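All chains are identified by letter, namely A, B, C, D, E and F, in their written order; residue positions are counted from 1 within each chain.
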Amino acid sequence: MGMAVTVLVLLVQGAWGQDTQPASPAAIAEKAQAGVEATQTAINTVWTLLAAFLVFFMQAGFAMVETGFTRAKNAANIMMKNLMDFSFGSIAFFVVGYGLMFGASNGGFFGTDKFLLAHADVATGDGLWQMAFWLFQIVFAATAATIVSGSMAERTKFGAYIAYSIVISLVIYPISGHWIWNADGWLAKLGFHDFAGSTVVHSVGGWAALAGAAILGPRIGKYVKVNGKTRAKAIPGHSITLGALGVFILWFGWFGFNPGSTTAGMNLSIATIAVTTNLAAAAGAVAAMCTAWLHFGKPDTSMALNGALAGLVAITAPCAVVSPTAAVIIGLVAGVVVVLSVEVIDKILHIDDPVGAVSVHMVCGVLGTLMVGLFASPAYIAASGVACEPGLFYGGGLKQLSVQAAGIVAVGGWVLVTAGSMFLLLKKVNLLRVSREEELRGLDIGEHGMEGYNGFQIFVTE
Amino acid sequence: MKLIVAYIQPEKLSDVKQALYAAEVFKLSVTNALGCGQQGGYHETYRGVDIEVNLLKKVRLEIAVNDNFVKPTVDAIVAGARTGKIGDGKIFIVPLDECIRIRTGETGSEAIG
Amino acid sequence: MGMAVTVLVLLVQGAWGQDTQPASPAAIAEKAQAGVEATQTAINTVWTLLAAFLVFFMQAGFAMVETGFTRAKNAANIMMKNLMDFSFGSIAFFVVGYGLMFGASNGGFFGTDKFLLAHADVATGDGLWQMAFWLFQIVFAATAATIVSGSMAERTKFGAYIAYSIVISLVIYPISGHWIWNADGWLAKLGFHDFAGSTVVHSVGGWAALAGAAILGPRIGKYVKVNGKTRAKAIPGHSITLGALGVFILWFGWFGFNPGSTTAGMNLSIATIAVTTNLAAAAGAVAAMCTAWLHFGKPDTSMALNGALAGLVAITAPCAVVSPTAAVIIGLVAGVVVVLSVEVIDKILHIDDPVGAVSVHMVCGVLGTLMVGLFASPAYIAASGVACEPGLFYGGGLKQLSVQAAGIVAVGGWVLVTAGSMFLLLKKVNLLRVSREEELRGLDIGEHGMEGYNGFQIFVTE
Amino acid sequence: MGMAVTVLVLLVQGAWGQDTQPASPAAIAEKAQAGVEATQTAINTVWTLLAAFLVFFMQAGFAMVETGFTRAKNAANIMMKNLMDFSFGSIAFFVVGYGLMFGASNGGFFGTDKFLLAHADVATGDGLWQMAFWLFQIVFAATAATIVSGSMAERTKFGAYIAYSIVISLVIYPISGHWIWNADGWLAKLGFHDFAGSTVVHSVGGWAALAGAAILGPRIGKYVKVNGKTRAKAIPGHSITLGALGVFILWFGWFGFNPGSTTAGMNLSIATIAVTTNLAAAAGAVAAMCTAWLHFGKPDTSMALNGALAGLVAITAPCAVVSPTAAVIIGLVAGVVVVLSVEVIDKILHIDDPVGAVSVHMVCGVLGTLMVGLFASPAYIAASGVACEPGLFYGGGLKQLSVQAAGIVAVGGWVLVTAGSMFLLLKKVNLLRVSREEELRGLDIGEHGMEGYNGFQIFVTE
Amino acid sequence: MKLIVAYIQPEKLSDVKQALYAAEVFKLSVTNALGCGQQGGYHETYRGVDIEVNLLKKVRLEIAVNDNFVKPTVDAIVAGARTGKIGDGKIFIVPLDECIRIRTGETGSEAIG
Amino acid sequence: MKLIVAYIQPEKLSDVKQALYAAEVFKLSVTNALGCGQQGGYHETYRGVDIEVNLLKKVRLEIAVNDNFVKPTVDAIVAGARTGKIGDGKIFIVPLDECIRIRTGETGSEAIG
């Protein structure tokens, strides 16, 4: 580190050292211009890296939310899943996934080079920038992967989860990501706009979560037949404090997720994006809290927490193209929708999603993607410099909205088919679900031979 | 009057409660316990070191009943808790001299139910 | 995101693209100058946003400290309060509060425009900067709001708390904030100096916390009459680990709070401020630990944690104008004062403040504000470029000190009167405090119909 | 804050204000050049500060890992130790340590000035930069100090721990740090390369942890004699969720630790360093998980968590000079090594290290330092601009490797002797270890007179 | 000798302890329990789904006493725990054959106190 | 048949278990309890305010045995738990009318072991 400083001084002197003869104005001006360019690259790199760090930290948020909303006997398993999906995902995305997503496009469908970071030549400024961009992408890929962990919690074999998280980072996420975030992707060319990934990240995770939870079946005791009718029973989470901590961490990380998606600190609309992100989250929490209060009689804490996440997921696609007031509206809608969606999925569809991952990430991801087609405002589009048509409410007609819908359907279909087949296959060969006995005793003992909360006396009276 | 103490598998508690309700036994007390019986226990490892867990988690029921309720109560517990596997649990019946309801001061068989 | 990159390249080329003819030195130089200005704006924006993100994260810290220092049966309620005060506060500040604080001043007392972010035109660079500044301000407003949650914990109706948190973000905080942080505020014009908010944020929260706790009355069992004398009893918190985690998070967030208050990364005194902030916190923890050890016989962990916060609150006003050595002294004083203050409030005044919020935020907020009048050093004032007179120990006489005192009294009076009336009103209409039965069983069940730690066996033998 | 903005505007106008007469091209160009320089300094300052904040946050990570992996009855004690080692360490490093490390060198062995931050004149740009650099250094020093807390957990007297943490921050860490990170240090001059501190920070902490744990002796019940043979028994940690949260926080903080060690945002190899850091951590987790699975029959969560940390420690020295693929390999090796090391230390050496601190920080710190001598690649050395010879696998022969080995031995010897003597002395005067009774009841009650988890029913059946 | 088992409301524990001290009963053991009695239970909802909580938190006291202490002990418990509301709790009296103080090996009435 | 209830120091549990195994008593149930006995309790302070902790953590054993096993069991508990210091604990012996093994329905002395 001491040395690094010296080096820096040399570098700076290399560019700005006092020449022995007075330099000509032109030479000084050109040096200054070169300096400005270098500086701007540095700002963009610093910004993108710091944003990536924040997004990385969302892994801790997901881990806390998922464990907080499930039972103590599966806590160590959930930690392990969150750690390993990021770890295996990092390696898988490094080796193959990134290339499939950002490599030279084969017909708009998948990438064909940039595997193993081979394209990032550190001798060049661009090579270094590619490193920063890669880091930002890997933490996004891991976010998509980790969503599934929650919906499949408390009953999935650890090995099956590892297999799944490799496949999503290796193939499923990169391919649909390619369609949208590779400039040559077919959806990108259609004009589909998903600034920070309501669809690319959250819906992909959410659809996979839906497929997984449905194929896996509910936890023992979640649904009981009473007089021939299936009734949902509550299986409360073991730590609302950790769940809430997780939501605060996610909200914090989302300030990297959305504003960071400019991957440019020089693009000052990062400020607008941070504002819309924050307002939508706040509005989501308010709306979900009120909906739960009206609907259930009491303001359920876990629903309000889901509401904040719903607002965040919903603003992720439109964050750069809508006004703060529109962000509040989007958040409010998401907050109401997430509560209703949790109810429908639980009480009508009888799909057991312990943490509400499908409602938060898939339903609100779809919602947010559509919101672009409604609320995209020319002024904000211009300010952030993205390619997007004005939305329905800003005189843009149905054009953007229909492209958004097309993208939603395409991505949904892709993920349901691929993730669904994988889970069905795992189920077929009996690798998907733990035994009844293990489920009752808890996956911590069954899968990892340890307990999450050693020494604490935990009621075992379910 | 008898005090019935039963150790059952935790996951059987709701079945036992149902069976007790059917037998019109509505009052009971529950605690968590660890038990060492015929059931073997299991091995965990933590950081590669073996832990022998031979105290298994059990639920302990305590039910005070009048004498004519002893058989129905025992039957209900057995009906609710039996799976036929080792670890199903055990019932102990202890004589009960007196029972007092704190609220009213009633004693004996009236107080118990 | 893929597109964003393309856009960035275009933007940069727009400014720096190769012209077909060689540009004149003057043109190059002007371009470079324009580039430098754009770059500096970007640095300031990036810095302000990142600092705001850190300050946002303090919400998680407050939530953890407050829940850690109170009982398990109220944990979900405390999470909910922390989530909702930020969420309602964000909306309230967006709609009204920000305008009252930073809008054009009406006689130095309150602002009259800038509601709903209407002034931030994203087509202009300044409009985008206004967005960043706004975000920084909202997270500050929410900090003030959330302080009260701790002192009123374990017995306040959830609805009352929501009402309170809307009012403080809507009116109370913005108005006194206007006096000090609006350049036209009457205290600002008097020369009152509160760099990052010992008074504006912490004392405001702390005075409201005092009013709330006093009007609400103590928790059941907190004070018992023994032989006609009231004796304080301890009601220990349920998780020192979460409490400590909260303090670490707050300390971390404070690096956004204080250095970020330059709202300018180009102002290099951010480094000094980070150093004084860190040293005061460390000294506060050391002093509180030693005081507790000497005074109670054992080094109480929760007091040492409070000591770190005391140091942080106390350095918040003077952080930019004092030397590192002065920061250590300020921290040491705050660490001693906070322990004594907790004792006086508990054992003499018999005001039940479960987490020590009044001592930390009000008492040390006042202390820190006064410290400006003692330790403000000309060298540091000049380096950070703020408007402040030298303190008593640096030859400035009593001038700054008396202005500081005036501000403290004015703000204290304002908050006590407004917050006090509101709490009294809520008490009158019987909306302030939960029933005795609910308090004994815990607010989690009473207010939210759930438990914070489902499955954990919690002693209920108080 | 309001004022700060005004000031900023003035500053900027000071540099860029519209002159009344048109400026000459040369004047404009020179202004631009000055602006570029100021901007670059600002970027470096902002980057270094933000990295320091992240490293500070690692304190929370250490606290969570250490408490998670130990028993509930010592939780408050561990929080206290983590809080106080940072707090006392900050003051000690401020007064003496920093000067010993970065002051003018006395023969390459220790520094002789820069005490009390006296050298940082805030009237100068460099003085402000010194503040930022100082902050970055103090958070590093505290990291070394805090490592020991884990290995000595659950049985050390609080007073002894305070004494130790003052001594390490005051003398032990700064002196060996001087050798390596002071440009005039004797190891620096030999060409020893430790970019972000595998040796300077982690090994120093790890060697002290080894000395402490060995001299202190094992916890009661950790080793039992069965038929004349000593058998290790497991003492499981009380919260895998908090342990995992700690690891996520550490990983997050490490993005400040390694990339931040450029102390220059203008040095774009920060991106490469972030990538190598992330990949090594991921590979470490994967390798440790697989090793544990193969070796113990089940994938132990705590081992996988240790694996991530092992990867992070191992990449800390070489992070700037190796390729991403090499980082994966380094991580994999560290992941395997850490599991085996935990086994050897526990089952063969019978040294009781409750959290695996010695294996993670000392063993993997040594490993990572050696890896520089194997994997240092000319392309990456050039890109990051550090002074380092190519490693064995890149045609550099044994040169760098042998210098690395020399540094490892020197630092290990220094720390073992100094820390060892201190612990032996404390043991002699009977101040090191709590009584048997206190250890059984828990240090929370014995040392701090409180409980970590009040109200929770905790099994006391060990 | 008798073994007195009592279930009381958790928040009444300190009152009961006080009353027992006044009656010179200084030794007792306490556990947490869940009880199902006349008291109704309450409903929670979690994420909109109803949870019926019919096992309420109770404190279980166990006090071994000599025969002449039975009445004072019972009276003290009643005095401390009674509010007159459902849920006040119940006292059970079980015969006690023997009592041994581990430290000294004393038995019978001497050991009990 | 008797039901033996013993309160011991938590840290003595494994010694007691060992001693019971040596006496061929393999079945037992364990709960956590708080006890108030001769042992004094201790004082904690929290934030400078005194807390008197007079309920100390204890482990409660419950062991049902046939009559001929009473003495060996009591002896084993005493052997495992005695340190000679106040707080060692106490053993209570309660008559046991019946014992039922849930799995098989066996009763009496056969069921107990």
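Methods note: contacts are C-beta pairs under 8 Å (C-beta built on N, C-alpha and C of every residue); 3 or more make two chains touch, one makes a residue touch a chain.
Note that the structure is predicted; figures quoted are calculated from it, not measured.
Shared contact partners of chain A and chain E, listed by label: B, C.
Steps from chain A to chain F, taking the shortest chain of touch contacts, total 2. Chains that touch both chain B and chain D: A, F. Although chain B and chain E share one sequence, what matters here is the overlap of their interface residues, and that overlap falls short of half of the numbers used. If you average the Cα atoms of chain D and of chain E, the two centres end up 53 Å apart. Note: centroid distance chain A to chain D, computed from Cα atoms, is 30 Å. Averaged C-alpha coordinates put the centre of chain D at 47 Å from the centre of chain F.
Shared interface positions of chain A, defined as residues touching 2 or more other chains, are 25, 28-29, 32-33, 35-36, 39, 43, 46, 50, 236-237, 239, 245, 296-298, 300, 302, 449-451, 453, 456-457, 459, 461.
Residue positions 30-32, 34, 44-46, 55, 94-95 of chain F each touch two or more of the other chains. Viewed as a contact network, the protein chains fit none of the simple shapes, being neither a path, a ring, a star nor fully connected. Of all possible chain pairs, those that touch are A-B, A-C, A-D, A-E, B-D, B-E, B-F, C-D, C-E, C-F, D-F, E-F. Partner chain A is touched in their complex by these residues of chain C: 1-8, 10-12, 16, 25, 28-29, 31-33, 35-36, 38-39, 41-43, 45-46, 49-50, 52-53, 56-57, 59-60, 63-64, 67, 75-77, 79-80, 82-84, 86-91, 94, 116-117, 122-123, 125, 127-132, 134-135, 138, 158, 239, 242, 245, 444, 447-457. Chain contact summary for the complex, chain F toward chain B: residues 3, 17, 26-31, 62, 64, 94-103, 105, 111. By the touch criterion given at the top, residues 232-234, 236-237, 292, 295-298, 300, 302-303, 339, 342-343, 346-347, 356, 459, 461 of chain D touch chain B in their complex. Residues of chain B touching chain F in their complex: 2, 5-8, 31-38, 55, 58, 60, 74, 77-78, 81-95.
Only residues 10-11, 13-14, 30, 32, 42-46, 57, 59 of chain E touch chain C when the two sit together in their complex.
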